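Read the structure below first, then the notes.
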Amino acid sequence: MTDASLVVTDLHVEFSGFVAVGGVSFDAHPGEVRFLIGPNGAGKTTCIDAITGLTRATGSARLGGKELLGRPVHKIVRLGVGRTFQTASVFDELTVLQNLDIAAGRHRRSASLLRARRGTDGSIEQALEETGLAGEFATPSGILSHGQKQWLEIAMLLVQDAKVLLLDEPVAGMSQDERTATGELLQRIAAKRIVLVVEHDMDFMRRFATRVTVLHQGRVLSQGAVAEVQADPKVQEVYLGTAGAATTAAMSVVPEAAAGTHQRKED
Amino acid sequence: MDALIAPLLNGSAQGALLLLAALGLSLTFGQMGVINMAHGEFLMIGAFTAYLVQQVIASSDLSIPVALPVALVVAGLFGLLLEVTVIQWMYRRPLDTLLVTVGVSLILRQAALQIFPSQGVPVEKPGWLDGQLNILGYEWPLRQLFSILLAAVCVAALAAWLKYTSFGRRIRATVHNRDLAETSGISTRTVDRLTFFAGSGLAGVAGVAASLIGGTNSQMGVQYIIAAFLVVAAGGIGQLKGTIIAAWAVGVTLSYFAYWTTGSLAQVLAFILVIVFLQLRPQGLVTVRTRSLV
Amino acid sequence: MTKSKPWISLSGIGLFAVLLLAVAPLVLTDHWLNNLGKYCCWAIAAVGIGLAWGRGGMLVMGQGVFFALGAYSMAMHLTLETAGDRIPGFMVLYDPLAPLPVFWEPFRSTGFTLLAIVLLPVLLASSLGYALFKRRVKGAYFAILTQALAVALATLISSTIRETGGDTGLSDFKYFFGFVLNDPANKRMVYLIAAALLIVCLFAVWQLYRSRFGELLVATRDAEERVRFLGYDPANVKLVAFVVSALMASIGGAMFVPIVGIITPAEIGAAASILMIAGVAFGGRASLFGPALGAIAVGWGQSSLGSTWPDGWTYILGLLFIVVILFLPNGLSSLPARFTAARRSPDRQPAPAIVAAELEEARP
Amino acid sequence: MSTTSKRLRTLTAMGAVGTTVLVLAGCGARAGDETAGSRTSAAPSCVDTSGDTIKLGFLNSLTGGMAISEKTVSNVLHMGADEINAAGGILGKKIAYVQEDGATDWPTFAEKTEKLLTQDCVAAIFGGWTSSSRKAVKPVVEKHNGLFFYPVQYEGLESSPNIYYTGATTNQQIIPAMDFLASRGVKKLFLAGSDYVFPRTANAIIKLYAAKLGIEIVGEEYVPLDKDDWTSQVAKIVAAKPDFIFNTINGSSNVGFIKAYYDAGLTAGTTPIISVSIAEEEAPAMGHEVTGHYASWNYFQSLKTDTNPKFIESWKAYPNSSGVTSDPMEAAYISLYLYKALVEAAGSFDVDAVNAAAKKNTITFDAPEGKVTLDGDNHHISKPGHIGQINSNNQFDIAWASDKFIEPDPYLESYDWFPADIRKQLVDAAG
């Protein structure tokens, strides 16, 4: 366990008496692509919400020894925690470049905000290359394809220089080729950063996960390497004894995605 | 004793009228997210309806009870017309509904000015509302009791309608999750129209009550609209219970302030209080914690 | 391509400046020049509304409050200048022996008055905005709260007759910082100051729109939570836009007084605040010139159509709200972009609240 | 384009703007150097008197809240103009009127006044209702040396060489009302008003005069102009148990007041109301509750004078007529004829000539309220004081009349109970 690790201990989240997350502990380190999986309502997204300050929680979530819980969202971000959402959330009316420029902006002094942008930051160009969006830098991001939007979000986390990337279903709705590209991208990124992915897609998980944590009804059901988890009888039971590719389609069905859209509307 | 009792009773009656004006908004604003600035003009339509009914049924003893359901339907139909022609295109732009309905209210007000005598029209109070009730030494006007009872009936009817009828259940389902409601076979278009009809109709009922309190003229809606919105906001969006408490609190506060200071200062203080309150509790009095963002 | 784009807007401002400062005084009669001055005051406030609402997503329905701060600061100064050593006439009746209310005293000073016109709205908007944005009050709530504030202030002024002139307001100013207001030459000067201030405000907003702040503001408008997850506090971003728009409303109010010669609570209440928004919606909330041109157009409509067809004007104004918001949410200024966008690539429609032309403008 | 030169250009442009403003600023008159008062700078009048018509301006709120009251005044002005034209016009010239909408917006009143004077070149303007509208018009007519005829009773304490007031000033409406109350033996009076300048000033005067008459003021309440709900205030009236209520409420708020009053069990029999803004026009909107109460005006439709029947007949026959006549309408009607008389006495439409004629001649008009005489110094007219009691037809039965026409005295100079120091300060402040 290094200083740069994300350590979550005994995380609890309650909604009006309903326990969404009941004592989850796990840790994630730079160099690994960490997956968080589980059936609907298992508390995966809630865990991320809690770590990023969106939802009030008890317990502990430390990054490099600093407690994250209890801080406002933007302060947690400034400590190096970045996230994406289930539905791609980029600034539709700004160009790709503008999106990235804003993401890179938190290091700037506020006075410099009043000036127009001249030239492009090195980190932005790097992120554009990394995510394959270099050709689209002047495109309003609202007209990007779904996959490109997800990549843009990841690129934004890169220029933001996030130490931890919390990605909520990054490949939902992507084609097979896009999934592969995304997975490879994540593996490259993970070399220096912590990458934590919430995912339904078992196939994607099997191909790219370093380690996996399985959540069920707000608790950790199983943790470990992909093979270990798949072999775990408790996991097989939860997935109706049919762990594996057959469930993939069933797992990534609409309801939670629809619920996600619904939540968005309310904010 | 009067100094304590009178403002409490008067304020409760004022609160009841505010509640009547706010009930419809809590449906259209609270449940549908439409910010209908023409709600005050629907109230005006209700008041003019009371006047027109009185032209047919001369006895005010009878005409006011008849006017209540008629005003509900007339104002409701105006609301339906507004929904069908304008609002239905704007559910994705709630803030813009505010501006569109500002335009509608300008037009309705000017039309009323040109259709009816510019000075306004009289609406006679039913004879059975003459008189006072002695409460701890204060002669409390019966008309105020009527406002409170009317508000209570409307609240009860609305609550029962939402809770026990199938339409009510559909409204709640649609508010809760529009997409899911649609996939479950609920026609959200019908629900939207019905909700808007009911919300506007309630403004019409409030208008009949208002016609017994103030003047019935083209400008009458203006004085209720902001206060009604503040009540809905302070009560908590879509929360009937919160709206009731907020309306009562604002009415009583207004009344006590008016008793101790001047009518103008009471207005100012009451508004400032609500604004400060909303600053402290932006979600309003009654809130339900959800898992949604924010 | 991108380097030359800002110059289109800038030369637009230049053209506007030439029209307002050079052409208008030559071709318009004193009466219409004065009217144009009045529209300019509304336009200054409108430019601020465009910033807060069009770019920042905050529907400011109570700009009358800040308009009032500037207007009453100015009006109090001019009233004292006219009254000289005496106590202003309207105060005498209620209590002939009482001194000038304390808060009037500093407005004798020119410096203090000018400072107040700038600082009062900044202070009020900062504290109000801080409280509201930190508590994440937004959308309809924000709109209704600001509107309620305007109503409360108008009522307060109406009921404090001795202190503020009440419903009748402050009027009958003879001098403007030492210049006789009845002199047509001085009236032209007042007009020119208002027009120049409008140009300055346009320029300031142009710079803000092309700055990183401008992009951040649009980002905050469209996805406040996302901005938070980029490490910014959206409250601060919105606060800046809100304060700037308040300042502009105050400047507009301050110039309104010498031009129109009267300020009353009716100019700051609900209806007046909504009328300020009408121009912005009409012209195009998110564009640079839309709000100013819209405000001038609505002002002109009121002067000319309101004359020839008063009943009709109210209907037209009402319909304007409905038709523009319903069919042209980006106002008239989005029309050209719509046509060109439709011609170039039918499937790439301009984004809903900001037009493609502006996006290009902000590119590097 | 490099950054520096871009900035430079911008700065140059801004500098140019600033300089232009400053250069032009140097041209106008400064506070010190007005030679003979501010009026010298007014442009010469552009009124065209060469043709066979003369242009007059009518300025009333036809839209917005005050349209409720002002539309009727506008209509009666049209009727008066038609009448005068049918009888040959003024100095042989037919009236061509320009109707403007004040839109219940006071700066609009100022703007339209300037438009009427400088663009339409009208010889005189008629209209206005609220004090705010008059105060907005006043500096503009003074600046352009125009004429403004104001037809509504008001709070007095004002005079202008460019305004003629054909409605009552306080000593023609408020003071007669107080005399009436004294004659009825009223001891305890409650003051209820809208929160604006007229009720506040009227009540200040009432309090001064009441002290002299020995009437006790047992309470004073104000409600904003646009609020109808009087419930809380009426509760205070009930508690104060006055003999009479002096009502200076304006507009539709009156309806709310009467309703709350009636709800609380007060009646004309026990606690009558005397109003100064409820006339034949307003009464019908208030229903039967208003019957039995009083109003103080100079003109009532029920007045038996030689000219009143004709006025009522013409009005009833006029298109858009409301069918009843009222004091502000009659005052507006007077204002047109007064202007006609003034111009004919002066033999000219010139403002200075008209004002000189007003001072030199005794200008009278056989008005529906009786024969009124213009005071050439303060530009108000003499008026009879009348108190009417509202009957079930919403008409007024005359309950009291002043023994003679009351001379206008806007600064209450002939009333010893009005403190001289206040008057002096007011006159001073008015400049």
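Think of it as A, B, C and D in the order they're written, each chain with its own count starting at 1.
What we mean here is this: a residue touches a chain if its C-beta (ideal position, glycine included) is under 8 Å from a C-beta of that chain, and two chains touch if they have at least 3 such contacts.
This one's a predicted model, so the numbers in the text were calculated from it and none came from an experiment.
Q: Is the C-beta contact count larger for A-C or for C-D?
A: Result of the comparison of A-C and C-D: C-D.
Q: Find the most central chain, measuring centrality by the gap between its CA centroid and the centroid of all protein CA atoms shown.
A: If we average C-alpha coordinates per chain, C lands closest to the whole-structure average.
Q: Between chain A and chain D, what's the gap in Å when you average each chain's C-alpha atoms?
A: Comparing mean C-alpha positions, chain D is 72 Å from chain A.
Q: Find the geometric centre of each of chain A and chain B from their Cα atoms only, then give the gap between the two centres in Å, rounded to an integer.
A: Centre separation, chain A to chain B: 46 Å.
Q: How many angstrom between the C-alpha centroids of chain D and chain C?
A: Using C-alpha averages as centres, the distance is 33 Å.
Q: Would you please write down the residue numbers of chain A that are in contact with two or more other chains?
A: 54, 118, 267
Q: At least two other chains touched by the same residue of chain D: list those residues.
A: Within chain D, residues 63, 195, 222, 224 contact more than one other chain.
Q: Show the residues in chain B shared as contacts by 2 or more other chains, in ascending order.
A: Answer for chain B, listing residues that touch two or more other chains: 110, 222, 262, 264, 267, 293-294.
Q: Considering only the defined contacts, which chain D positions touch chain C in the complex?
A: Going by the criterion above, the answer is residues 1, 10, 13-14, 17-18, 20-21, 24-25, 27-31, 34, 38-39, 41-43, 62-63, 100-101, 103-108, 110-112, 114-115, 118-119, 130-132, 135-136, 138-140, 143, 157, 195-197, 200-201, 204, 222, 224-225, 419, 421-422, 425-426, 428-430.
Q: In the complex, go through chain B and note every residue touching chain D.
A: 2, 6-7, 10-11, 13-14, 17, 110, 113, 117-125, 129, 131-132, 138-139, 141-144, 210, 212-220, 222-223, 254-255, 258-259, 262-264, 266-267
Q: Going by the contact rule set out above, which residues of chain D touch chain B in the complex?
A: Chain D residues touching chain B: 63, 65, 67-69, 71-72, 195, 221-224, 226-229, 231-233, 235-236, 238-239, 251-256, 259-260, 262-265, 281-282, 284-289, 322.
Q: What residues of chain A sit close enough to touch chain C in their complex?
A: It comes out as residues 52, 54, 72-74, 77-78, 82-83, 85, 89-95, 97-99, 101-103, 105-106, 108, 112-120, 138, 140, 142-143, 156, 160, 267.
Q: How about chain C: which of its residues touch chain B in the complex?
A: Spelled out, the residues of chain C in touch with chain B are 59, 61, 131-132, 135-137, 139-141, 143-145, 147-149, 151-152, 155-156, 158-159, 225, 270, 274, 277, 281, 311, 314-315, 317-322, 325-326, 329.
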